[in-house]
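First chain A sits with chain B, and in the next complex the same chain sits with chain C.
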Partner chain A sequence: MKNHVTDDVRAIIGAQSSWNEATNAVEASEVRRFFQAIIDPKPVYWDEDQAKETRYGGTIAPPAFAVHAFRRGTDETIDPLDAGLDPEFDGVSRALRPGLPSVPIALPRVLNGGYEYELFSYPRVGDRIKCRSTYRDIYQRDGKTGPMVFIVIEDEYATADGRPLLKSLNTMIMR
Partner chain B sequence: MFKVNMVEPPVVYFEDLAEGHEFPTVTKGPMMVGHQVRWAGACDNYESEFHHDEHVAKAAGLPGILLSGPLMASLLLTTVTQWLGRDARLVRFFDQNRGATMPRDTALMNGRVKRKYLESGKAFVELDLSITNQRSEVTTPGSALAEMPRRGG
Partner chain C sequence: MTTICFEDVEVSQDIPSLFKGPMTTAHIMRWSAAMENWHPIHFDWRFATEQHKLPDVIVNGSWKQHVMLQLVADWAGETGWLWKIRFQFRGMNVPGDTLEAWGRVVAKHDRHPFGVVDLQIGLKNQKGDDGTPGSASVVLPKRNGPAVPYPFDPRVLGPQKG
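Moving on to the complex of A and B:
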């Protein structure tokens, strides 16, 4: 089977982005939309009186909130939904993280293989969340359905003032 | 009007959990396109068209719309925090998106205590987790590690 992990691909292993800060500080309504989406209305996410009695001493955002807190910037004039207007676009973005090079592999599908989280603390309303991403590994396995390339991305999340929130290892699969 | 007083889950202690203990299965869904769209809205992430447009999904060779793996993982993570109670401290969580969850599928959250141990004066439990669908297919294997409160501690 064709080897997709060429020298050009191997060259980006270890590439690390700078710290990117989320567009807005954590907002109460954003936390509400998140816990409603994950069907988890625990009072610790919204009720200060009950949250005071918990180990957190106040309301927090759900554990994986930081992973999904990076939204389109107010000054980002390129609309990601316009990608379909690009005649070269094949429907799959290989730019897996802001600040990291695209993965130069022409396999047609990109799937999210899963996450491993290490949790340190939870975001709170008003926190500014920042993230730094690193390509930890890229390797190929040949299965019955053809080649699969695994891209392991480490994402470190912290507050702008340096409180660690979460470390994630995300495996993306191209096939 | 129907109103429910929401309260934090009760405290569960290290001593309450035996190795092999099976937590009560929690059923989510049937999962609908609306769950997926609400998740996309909560994350401001609309770029993977196959998550909400069946034409795009089928053109890409998928059987139809797929619910997002991170949404399913979040449902499992939420269930773990319910099972382990108010004072547990989640240390690690792992999930693998192995099989698709499609609109109208039911998602069952399963968990058991794989191991419990003390380390440096702290009490930990390791959980084996999975999401299965209405055909008993495992769509999402997973695991978790949490630090638990001690009775009298």
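Moving on to the complex of A and C:
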């Protein structure tokens, strides 16, 4: 089977981004839409009076909220949906993290293989969340349906003032 | 919200399951919109089934992970800490699925002055397909022991015995 993990691909293993800050600070309405979408309306996510009595000292966002806190920047003039007009666009971006190089592999599908998290604290409304990403490993396994390339990405999340939130290992699969 | 001490937990006990669904395309759209995730496999039936050969539009793995996190964080409660969790997105879930997040205690570790409990976790649909296998580790206080500190720092855990 064709080897997709070429020297060009191997060269990006270990690449690390700088710390990137989320587009906006954590907002109450964003937290609300989040816990409503995951169907988890605990008072600690919205009732300040009740949340003040907890160890968090106020309302929090759900545990892995930070993983989704990185949105399109206000200064990003390229609309990602414009790519949908390109008949060749396969709906898949190979730029897996801001500040990390794209993975130069032409396999047509990108799937999320799973996550491994270590949690330290939860975001609060008003927190600015920052993240630093590293390509930890890229390797190929040949299965019955063809080659699969596993891309292991470490993401460290913290608040801008340095409170650790969580560390993530995410395995993305190209096939 | 429960309060569980390390001594209260027994290996092979089940933790309370969490149920979601039946899932609809609207659940998927609500999550995708909240996340600004525009991948067409989550909303474009023709793209999902013809181009990606999927059975239907599919429930986001990114959504399912929060069900697993909720399962374990709720069980850990306000005095325990969901320290580690991992899961693989192996099986797909589609509109019509009813999901049960479940967990079972598989090991206990005395990390004096705290305890760590390992769980096997999963997310089953109504057919019994367990598509999101995983595991988790929860830090619990001991009876009459100190509170688990928040923010959590794993250096508070004593050496693992045995």
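By our rule, the second predicted complex is superposed on the first by the 168 of 175 C-alpha atoms of A that agree within 3 Å, B and C clash if a C-alpha of one lies under 4 Å from a C-alpha of the other, contacts with A are read in each partner's own complex, and residues count from 1 in each chain.
The rule is simple: contacts are C-beta pairs under 8 Å (C-beta built on N, C-alpha and C of every residue); 3 or more make two chains touch, one makes a residue touch a chain.
The structure displayed is predicted, hence computed values, not measured ones.
**Q** Looking at the combined model built on chain A, do chain B and chain C fit side by side or clash?
**A** Aligned on chain A, chain B and chain C clash with each other.
**Q** After the superposition on A, what does A:Asp47 contact: first (chain B), second (chain C), both or neither?
**A** first
**Q** Between chain B (first) and chain C (second), which does A:Lys2 come into contact with in this model arrangement: first, second, both, or neither?
**A** After superposing on A, A:Lys2 lies clear of both chain B and chain C.
**Q** Touch check for A:Arg33: first (chain B), second (chain C), both, or neither?
**A** In the superposition, A:Arg33 touches chain B and chain C alike.
**Q** Per the contact definition in the header, classify A:Tyr115: touching chain B only (first), chain C only (second), both, or neither.
**A** A:Tyr115 sits against chain B and chain C alike.
**Q** With the two structures laid over each other on chain A, which partner does A:Pro164 touch: chain B (first), chain C (second), both, or neither?
**A** In the superposition, A:Pro164 touches chain C alone.
**Q** Should A:Lys144 be classified as contacting the first partner (chain B), the second (chain C), both, or neither?
**A** Neither partner.
**Q** Quick one: classify A:Tyr56 as touching chain B (first), chain C (second), both or neither.
**A** Only chain C; A:Tyr56 stays clear of chain B.
**Q** Give me the intersection of chain A's contacts with chain B and its contacts with chain C, in residue numbers.
**A** The answer is residues 30, 33-34, 36-40, 54-55, 62-64, 67-68, 71-72, 80-81, 91, 109, 111-119 of chain A.
**Q** In the complex of these two chains, what residues of chain C are touching chain A?
**A** Result: residues 20, 27, 30-31, 34-36, 38-41, 47, 51-52, 61-63, 65-67, 69-70, 73, 78, 81-89, 134, 147, 150-154 of chain C touch chain A.
**Q** Could you pull out which chain A residues touch chain C in their complex?
**A** That would be residues 30, 33-34, 36-40, 54-56, 62-64, 67-68, 71-72, 80-81, 84, 90-92, 109, 111-121, 163-164, 171 of chain A.
**Q** Spell out the residues on chain A that touch chain B in their complex, using ranges where they run on.
**A** Listed in rising order, the residues of chain A that touch chain B are 30, 33-34, 36-44, 47, 50, 53-55, 62-64, 67-68, 71-72, 80-81, 83, 91, 93, 108-109, 111-119.
**Q** Name, in rising order, each residue of chain B that touches chain A in their complex.
**A** Residues of chain B touching chain A: 6-9, 28, 35, 38-39, 41-47, 49, 56, 60-61, 68-71, 73-75, 77-78, 81, 86-87, 89-97, 140.
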